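Each chain carries a letter (A, B, C and D) given by its place in the written order, and its residues are counted from 1.
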Amino acid sequence: MSNSYGEKFKITIFGQSHADAIGVVIEGIPAGITLDMLLISKMMARRATGNAPFATARKEDDLPEIVSGVVDGVTCGAPLCAIIRNKDTRSGDYDALRSVPRPSHADFAAYCKYGGKNDVRGGGSFSGRMTAPLAFAGAVAMQLLREKGVTIGAHIAQIGTVVDDPFDPVNVDAATLNALKGKRFCTLNDNTGAEMQAAIAAAKQDGDSLGGVIECAALGVPVGTGDPMFGGIENEIARCVFAIPAVKGIEFGSGFAGSSLRGSENNDPFCLKGDVIRTETNNHGGSLGGLASGMPVVFRAAFKPTPSIAKPQRSVDLLTKKPVTLEISGRHDPCVVPRAVPCIEAACAIALVNLI
Amino acid sequence: MSNSYGEKFKITIFGQSHADAIGVVIEGIPAGITLDMLLISKMMARRATGNAPFATARKEDDLPEIVSGVVDGVTCGAPLCAIIRNKDTRSGDYDALRSVPRPSHADFAAYCKYGGKNDVRGGGSFSGRMTAPLAFAGAVAMQLLREKGVTIGAHIAQIGTVVDDPFDPVNVDAATLNALKGKRFCTLNDNTGAEMQAAIAAAKQDGDSLGGVIECAALGVPVGTGDPMFGGIENEIARCVFAIPAVKGIEFGSGFAGSSLRGSENNDPFCLKGDVIRTETNNHGGSLGGLASGMPVVFRAAFKPTPSIAKPQRSVDLLTKKPVTLEISGRHDPCVVPRAVPCIEAACAIALVNLI
Amino acid sequence: MSNSYGEKFKITIFGQSHADAIGVVIEGIPAGITLDMLLISKMMARRATGNAPFATARKEDDLPEIVSGVVDGVTCGAPLCAIIRNKDTRSGDYDALRSVPRPSHADFAAYCKYGGKNDVRGGGSFSGRMTAPLAFAGAVAMQLLREKGVTIGAHIAQIGTVVDDPFDPVNVDAATLNALKGKRFCTLNDNTGAEMQAAIAAAKQDGDSLGGVIECAALGVPVGTGDPMFGGIENEIARCVFAIPAVKGIEFGSGFAGSSLRGSENNDPFCLKGDVIRTETNNHGGSLGGLASGMPVVFRAAFKPTPSIAKPQRSVDLLTKKPVTLEISGRHDPCVVPRAVPCIEAACAIALVNLI
Amino acid sequence: MSNSYGEKFKITIFGQSHADAIGVVIEGIPAGITLDMLLISKMMARRATGNAPFATARKEDDLPEIVSGVVDGVTCGAPLCAIIRNKDTRSGDYDALRSVPRPSHADFAAYCKYGGKNDVRGGGSFSGRMTAPLAFAGAVAMQLLREKGVTIGAHIAQIGTVVDDPFDPVNVDAATLNALKGKRFCTLNDNTGAEMQAAIAAAKQDGDSLGGVIECAALGVPVGTGDPMFGGIENEIARCVFAIPAVKGIEFGSGFAGSSLRGSENNDPFCLKGDVIRTETNNHGGSLGGLASGMPVVFRAAFKPTPSIAKPQRSVDLLTKKPVTLEISGRHDPCVVPRAVPCIEAACAIALVNLI
């Protein structure tokens, strides 16, 4: 079932954007863990607001209510269920969309799949809002990974055509990753960040939107983590990352750029660093044959520009089968990428906690 | 378990490059299907030789023996097991590699994961040879999909820096896809194909290797195919495609390039084509919210250059913990991309047959 | 993960007896179903009170709150999450039990499994209370099955040594099964029911408890339903039925008694009833080779006597490792069997809805 | 998929009685295990012949060929595939059965499920022969369990109306269990065994068959093994045991008999044995709330009498829809119970190795 993921740390996400609630059930958290509520609330806050001024005008305090699995703040071995109430919903905004699908949204496909019975309010179960329970589960996964020495962090690598400095794939360290989490706009290079914010503001001004790329790194993943064939590091991270709306691509290490290199250029020689075997370069992005090499796991995820834009667009009325010009009102991010940074971290954490 | 995939059409792949056999068990094939052995043998042949002169010197007739699930050529509802004997193995070639991991191969990670007990002969279970049962299962999946009106085909989109013409993502048709399958070197543009072959020959001459990109399209996927969140078209295709060794990236539709567009540029307006609702462009690559839109599903997979090269490389002896210069003998593709084309089709077919 | 079950109609149960809430997420309900809330509330009420005067003194209105998956009473294709708040909890009752395991309860094993961090209040996640979300999910499954012509019903076949009339395994009809659901004490024979109630009252009087047997029948299961080996009718029903606390055995058709018959006595000859192929007898309980035969699926589940009794019992203090005499206070059923009848129906429905 | 079982030690069984081969793929065996081929071959031999004179006249040497997953006798971490060729098949015997289902066999249900395309030869994939790969996998599981201190053994508890002595559920020891495996007819009481053999001979003489009960015990299962709700010891053992053809019931501990006891009689008081906490009696059969209590896991499985009997029986021709008198030729066990003893051990081992 497609709302569940994982065998060891299994999550089941439920809800729709304008249902009473969204939430997640997590099975497989060991008993006796004191939940780090600060870590969780920071993760939720970064997703809710992007630490940035460009997020949607919709206000969600997004405080999860943990209704099971925890006794006096400590996990008891039973499944943890966290519920987030949907409060600030304006379903009226969406009435006009019932029969006119928004370009590049799931509306049309969902209409066909569910015979028109899908919840169209706020995008229903296809809304970016579904990443709130994902971020919650990701925060719990990050806490468990932290105890095993794994650190995950991400930055905005690109917005529109503005490109941030990349991670150093060999030497990126935990301090760098953690520092990013405190930033209002998390780029490695603040000047780039300023340019990106200007680009977003300009797109918003034009009633338009932007896409971008997020780069994520996971440090401390034990050598050999991952399984052959369908259960490799890349398979599982990709499977989780594509659960985030608007993601259209993923690449590990040198990725697509590596495809135009020769083997002698792209291969990563082994070397000794003290007693530890490492590679001199990290074009493999920390994964070889689906197994962790001990080097940083580094990947990049491509986000399409937000499909909800204020500009008029061409669509078709599904009932009358007539062309329609659509103007979308409602509150929408001109760019989801800043808020998606913790979601990418969460997806990575959920994949890795199941493999380690 | 990572060697299994699928819930409706479930495959379990077994074997190692130099074990007695490799093979696959397929559960979920309906009873009463007359297996199209020609389709299967063509698929296997394309993988074995790439229809091309650049494949590995290792000779494998790769004739699968179907030991169960079929009575007089017709499926009986029981799991189908196909076995491919490994014949032309020269395990001696690999003895020297036991403690010296080849750069950018799975050797080192596998050594750590399995405590040195992994099968190093020919790459063991991490060998590209494991794609033979994948291609077999993919051929069966393609037969089932064909009966539902789905056609899958792929071409070599890039080798090194040579780039083929792309698919027309809106109008690509089944005739184009099927014609590619008969080509000795399957590019859309034969001139490009000739350049690519020259590039491979040059790399081989230099004791080096090349990577590339394969573009794949699936036509006729019913609108609404796919499931939300973790079970979308992108999630499942990505999960299968990353099972192919050397794949380091995947993107759907406009993918990474789309990340630098604005919403008004990247959005695909809906339109009517007769009575059918389609999109004018196909930057979404046939998937919206993880669900098929009815447009061609189009994706690109990035392959790293073959890590096995004749040039000397730096590595470390795992036992002595000393730096070593490694020279790899044995028979290796200077470029796996041509032979990987049917593997990409197979991975796509296996993912889709589970969703439809 | 053990709190989840099913591939087509997948349930994930969460909660503990004295947590804020218990509940269930159901994936796989088709979109467009108007939930039959009356069916659901009757099922919940039968479980909560057993339609009988002997249920626990604990009052639970057990009204499920459906927080997702339903729009205006109609399913929308997204996972349905139903939450039941725990209100009338007296956790203080259980403090003494923290280190002294109750005989024949899960306490000791759970203490060891979870390092003493398990939720001991009210039995935590091992409480019979966890059957409330099971009953909810079972009611939804029964609604879906009803639309496919399947009727499920059960009766109390035995309490202590008092034995009810059995179902006629060949001719049991839907009217009989449905009539049972309206009974305050659901036996086929009311005289037997009166005797059983007297036996329960007597046990209660003695500070003791009783076990029993429930017999369940499913009519209209299409011939061929079920899968070979691990996915047969018996495998799946057994797997679900053993999720109900206190079940210690299950048998289909002639079951254990059939083991002492000869083949010629136990075999069920095929015959024609009009144009339909049936069997003259039904010692096979509706399942052959794990597949439905078209005859009523009939099985019996054995319940141990409620382990919580007022009589003093011998136990051991886990901390002091000293023998202890334990007297259990709190509110407990002298016999869970009457209230378990809808739970058995629910387990059967959940198994079958996944197979059909 | 119903031919697969397990998450940690996952088996996928394939084949039909008269296909080229039957076999099993096992995923999850740790690398570095030297397979105990003697244990495996003894297990296979006990199943093939029952160590007894009453087995089917069909001769199968049942030597498994291990085609992958093992290098020089040692597991390498890749999936192990074992193939058993079907040699002594006389498919002609079954031609007459194509349209006339044998009473109490899977024939009719399979005919309906697979549209008449199922493999009828020798019962196809519903044959008792499918327990050969189960026994193989069970032997591997028993080797892994042995290293964790777990011993599993079973005896024939009943044939027809002849009843063997039961295990002492509190004190049964490994020596007793292992001694049973060497017996030609494995009862605890040899006199009972002789009576059972006489009963089988008499039934055979009459062209009839017998059923029976097997009792199985698992010692050394660590306290807390198993998971709540759907993943308990009982759920998983039941799920595996019902994969064995002819099993119609299962009970743990006092089982059905315990249903007529009072709580004060059936409860098992905790006590100290040295420093270890145990129970004075073992009516719970080693499982409380689905979790192992540390006491022997004891269960009983009911087998129906072999449905294939020489006596004429009533059936219906599926094509002509006319009543038919059926006389079954071919080679059949008058009682499968003796040969099923290692299968029950195997099913128990496969369930437990996934839980521990």
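List of remarks:
Note that contacts are C-beta pairs under 8 Å (C-beta built on N, C-alpha and C of every residue); 3 or more make two chains touch, one makes a residue touch a chain.
Predicted model only: the values in this text are computed from it and were never measured.
The minimal number of chain-to-chain contact steps leading from chain B to chain D is 1.
Annotation of chain B and chain C: jointly contacted by A, D, touch as defined at the top. Farthest chain from chain D (centres taken as the mean of C-alpha atoms): A.
Mean C-alpha positions place chain A and chain B at a centre distance of 26 Å. Averaged C-alpha coordinates give centres for chain A and chain D that are 47 Å from one another. Spacing of chain A relative to chain C, judged by their CA centroids, is 40 angstrom. Residue positions 1-4, 7, 13, 78, 110, 113-114, 125, 228 of chain B each touch two or more of the other chains. Those residues of chain A whose C-beta lies close enough to touch chain B in the complex are 1-5, 13, 101, 103-110, 112-114, 125-126, 130, 158, 160-161, 203, 206, 208-213, 223-232, 234-236, 238-240, 242-243, 245, 247-256, 258-272, 275, 277, 279-280, 283-285, 288-294, 302-309, 311, 313-316, 318, 321, 323. Across the complex, chain D meets chain B through its residues 1-4, 7, 10, 12-16, 19-23, 25, 27-28, 31-32, 65-69, 71, 74-81, 83, 110, 113-115, 117-119, 121, 124-125.
Interface residues of chain D, counted against chain A in their complex, comprise 7, 78, 228.
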